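Got some structures for you, see below.
Here come two complexes built around chain A, the first alongside chain B, the second alongside chain C.
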Partner chain A sequence: MKKISAYPGIIYLIVFFYLPLLIVIVYSFGFPNFKFDYYIEISKPLYFKVFLNSFILAGITTISCFLLAYPLAYYIALRAQKWKNLLLILLILPFWMSLLLRTYAIMNILNTFGLMFTFTAVVIGMVYDYLPFMVLPLYASLEKLKKSQIEASYVLGANPWKTFFKITLPQSKSGIIAGVILVFIPSLGEFVVPAMLGGTYVTIGTITWDLFLRYHDWWRGSALSMLYMAIIFIALAFYMRKEGKIEI
Partner chain B sequence: MMQIFVLIVFTILYAPIVLVIISSFFDAGNFTLKWFEDVFQDEKILKAFYNSITLAILSTLFSVILGTASAYAFLRSKMKFESLFYTPIIIPEITEALSLLLFYKFLSFPLGFFSVLLGHIAFNIAFVFVIVKARLSGYEKSIEEVSLTLGANEVQTFFRVTIPIAMPGIVAASLIAFTLSWDNFIKTVFTTGPGFQTLPLLIWSQAARGVVSPSLSALTTLMLLISMILAYFYVRISIKRE
Partner chain C sequence: MVEFAVELDGVSKKYGNFEAVSNIKISIRRGEFFSILGPSGSGKTTILRLIAGLIFPDSGLIKIMGQNCTFIPPYKRNIGMVFQDLALFPHLNVFENVAYGLRIRKLPEIEIKRKVCEWLEIVNLDPKIFSRRKINQLSGGQQQRVAIARALAIEPSVLLLDEPLGSLDLKLRQHMMSELKKIQRTVKTTFVYVTHDQSEALVMSDRLAVMNQGKVEQVGSPIEVYEKPQTRFVAEFIGEMNFIPAEVCEDHLLSELGKIKVSKINGAKKVVLGVRPEKIKVGNKAENVFRGKIEEVTYLGGFLKIKVNVNGVKIKCITSSNGLREEDEIEIGWNSEEAIVFEA
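Showing the complex of A and B:
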């Protein structure tokens, strides 16, 4: 009996989420004709450059976010004491602000420094927008870290660096992987930040926008999206094989 | 050392937002509310505000009903394919947005308010499902069994026992669903048609050219205020739960 109440939700998702994805596949093969041309076309250098651009941007964003987020998460989880709750709230608040508005806010600053429409501007905007997505999972994993292990490491004569690389870092692995996924995947397809701050820096996000909303080229756009999704699913499958399941 | 680093990062995180808010109250160095007056007198903004709020309320309402019902079913009976509800969260928003656009084109479904709303509901169902299910899983099934043993039927038990238990989760999920819909840009812009504009779309159409204007900052300030009110209620519920 109880099962029935699940069906409206499932049917809704099938109709308005899974069926549309199926239609993307259909279009990527040249609907209403069947051809493979669009996949061949998107493997040409022009599109390769777009993917390369996106990977460079997403890579720099992820690494920068990680380097900034780790000390931050470490401090909040293990050192902050009475400030902990305040810092946590300050960390969660950006999740409630729209990415568009936060990008507009950083645009004001970039304008002041005359950085608008440069690659630097895009990177700053990306790191600014995605930093909270890296800090939170790192915080969650560091929070679970057993302080006694760190103390034991010190007692046994290890220095702080050795303790960090042998105890802290390995134990926060799940948080690192979750953070990397939460930042890398969306920043790979990010549209708002490069379009608003970058001018001519073409990424998967901006070319998807152009193909669909400007040129109404459903076929090339679909093939490109399929390739993008394939990359994501390969990355996720690789992660799930290692970790068993995804914790967000 | 570390404290200074943390302080700097948080300053960088909040300075741009604080500056936008401050700038919306000043004109050539003098305090003024005229940018806000501009916002409230702008017909286009008021129309977009009305559209955004209608969209957010309706998508929250439908997604909470559908998502809660599904979460309950998955938790109380052995059902497969739970991952059906996780894919919409994992998949990049732009992919979901363009697939909906193609779907509507394929069916020649007119683009506008309804096409946007139907898309928002799909995305929100997944979030509601995850949040409500997490909330319900903390409770013992036995409470419901007691209710059934004492003679209440399944429907009564659901509405008198399960729903009140799940309420904090449902409220939290509603707040998140509302915010996701209220702030949404990518999915809205792909699935909208001529004549239906929301606040994020309006902000985009002006800010995309790299133009910073005080009245745009005033609008941003107001939108942030609404987000912060929603976040405040969410934090209050979360603290109570602990």
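Showing the complex of A and C:
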């Protein structure tokens, strides 16, 4: 491929992503002035509580997704045999629908059980939306695992539990990391699900949404977005320094 | 002291309606190199997996070192196994692969280190060079050796090998064959070796079982199995053999070739006579002599392989006599004790 063929994509990203991002950065420093007031303001305990809310929600979502996804991915990858493809399609099928539609659908279900506008409702909705992003990378890593390795471990004297912790789990590490990144980061900034299902549960996502679109407070909204990005950036950079690379 | 490392008594295993093995009776002596030879789908890998405990039989008894192990899970059997795809653990280095079974057994670290180095040396891998290598940094032959060391390190009652040489090229395969035999003589562990390759089985084994369609056709030493095949399948599967349909007539046979003298006759009326190509001599110095025309001559280095048409029956022979040409009329023959009578 010639270099020029990459240009349309690069130009697209510059016009629709990096340029707007630059505007957000400029606003976060108090455009048309230049001051740090907004950053200082969002460091206050009120916002800290919002960040904490988001981290708790993202953490619970990620753990729940992992606990549900691992056995499922294991089953599809190593046991399902001829049902493998069907199960994968069934897993992806709901995602051919838009997120909004799905969230409206789950609102009805949650309402039936009287769960609407609770933290539980938010978690259920989040897990519902992000589960496949955990299952698919786990499936991809487990699929590469040869069944004979598990058998070899048995024959060498390891019972099924030891085999799982010494053979299966370490070899699905790349899938676990990819899955955690794919679920944790978007759910940290998620606003649709908490806004629609959560009522008063405020997250970085919902508060950014409110600042921008309800109060037209571009400055605080921008500063908050920048802080959110910085946190993720630092976390990933830290991880990459430690592990060298991320396989997704 | 138990005499047999492994005993299978009337073992059967079905997958759905397919009978993978049926009524298997094999006793494998302690310290012997025992091969299970058969074409693919004959049930030989099933037998290995039954001994390992990776599958359980539908009926029958499996004893290992005299203990009934029929339904004992694999991790309680103390068995070594070299898998067809080797099944090395790619996330562990060579040392940790070999140490795996020892760590499970919670041996002290110093003991583990000593044993792993010892076993790596036995399989001809220098521990100093290879310990820290990743599995994917090894050649096929080196991976083979790691798999063998890993399986033997736990000092198993028996080592099972599932066509471990299948993926190697001919040169390396021959080298590993003599290597394996050497290792077996050094460690004196019972080896059970599954293969579809008759030369592997004949070269390495003390005894072998020939399998066909889930049943054992014959158990014996390589010489017994080659020289005295008990069934037509064994005769056909191991080495080459001419088969001549014939009818029993008093103390001899009648066939398309004419009258054939035989040393032994079983009860059947219709039979098939088997003669190995290398047992057939060119010339008339034999009990049974026939005239025929050479149809094909193949030069094989030290000897010739010829196909002789005797009254429409094509007989393959191997001979060292030179100067034979296609279309030549020659006499060939064999002595009666060199032919085997099978039921038709």
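Keep in mind that, in the parts below, the second predicted complex is superposed on the first by the 236 of 248 C-alpha atoms of A that agree within 3 Å, B and C clash if a C-alpha of one lies under 4 Å from a C-alpha of the other, contacts with A are read in each partner's own complex, and residues count from 1 in each chain.
Everything below uses one rule, namely that a residue touches a chain if its C-beta (ideal position, glycine included) is under 8 Å from a C-beta of that chain, and two chains touch if they have at least 3 such contacts.
Since we're looking at a predicted model, the values are computed, not measured.
On chain A, do chain B and chain C fit together or clash when superposed?
Overlaying the two complexes on chain A (C-alpha atoms) leaves chain C and chain B fitting together cleanly.
Just checking: does A:Pro170 make contact with chain B only, chain C only, both, or neither of them? Give me first, second, both or neither.
The answer is second: A:Pro170 touches chain C but not chain B.
Report for A:Asn108: first if it touches chain B alone, second if chain C alone, otherwise both or neither.
first
Once the structures are superposed on A, label A:Leu13 by its partner contacts, choosing first (chain B), second (chain C), both or neither.
first
More residues of chain A in touch with chain C or with chain B?
Larger number of chain A residues touched: B.
In the combined three-chain superposition, what is the angle centred on chain A between chain B and chain C, taking C-alpha centres, to the nearest 10 degrees?
Placing chain A at the corner, the angle measures out to 90 degrees.
Based on the superposed arrangement, let me know which partner A:Ser222 touches: chain B (first), chain C (second), both, or neither?
In the superposed model, A:Ser222 contacts chain B only, not chain C.
Just chain B (first), just chain C (second), both, or neither: which does A:Glu151 touch?
second
If you've got the overlay open, could you tell me the nearest Cα approach between chain B and chain C in whole angstrom?
Between chain B and chain C, the minimum C-alpha distance equals 19 Å.
Taking the stated contact definition, name every residue in chain A that is touched by chain B in one complex and by chain C in the other, in rising order.
Dual-contact residues (chain A): none.
State the interface residues of chain B toward chain A in the complex, per the touch definition above.
2-3, 5-6, 9-10, 12-17, 19-20, 23, 66-67, 69-70, 72-74, 76-77, 79, 81, 84-96, 98-103, 105-106, 118-119, 121-122, 125-126, 129, 154, 179, 182-183, 185-186, 189-190, 200, 203-204, 207-208, 210, 212, 216-217, 220, 223-224, 227-228, 230-231, 234-235
In the complex of these two chains, what residues of chain C are touching chain A?
52-54, 73-81, 83-85, 87-91, 100-101, 104-105, 150-151, 154
Taking the touch rule as given, give the residues of chain A at its contact with chain C in the complex, in rising order.
That would be residues 146, 148-149, 151-159, 162, 166-167, 170-171 of chain A.
Spell out the part of chain A that touches chain B in their complex, as residue ranges.
1-6, 8-10, 12-14, 16-21, 23-24, 27, 68, 71-72, 74-76, 79, 87, 89-90, 92-94, 96-109, 111, 116-117, 128, 131-132, 185-186, 188-189, 191-192, 195-197, 205, 208-209, 212-213, 218, 221-222, 225, 228-229, 232, 236, 246, 248
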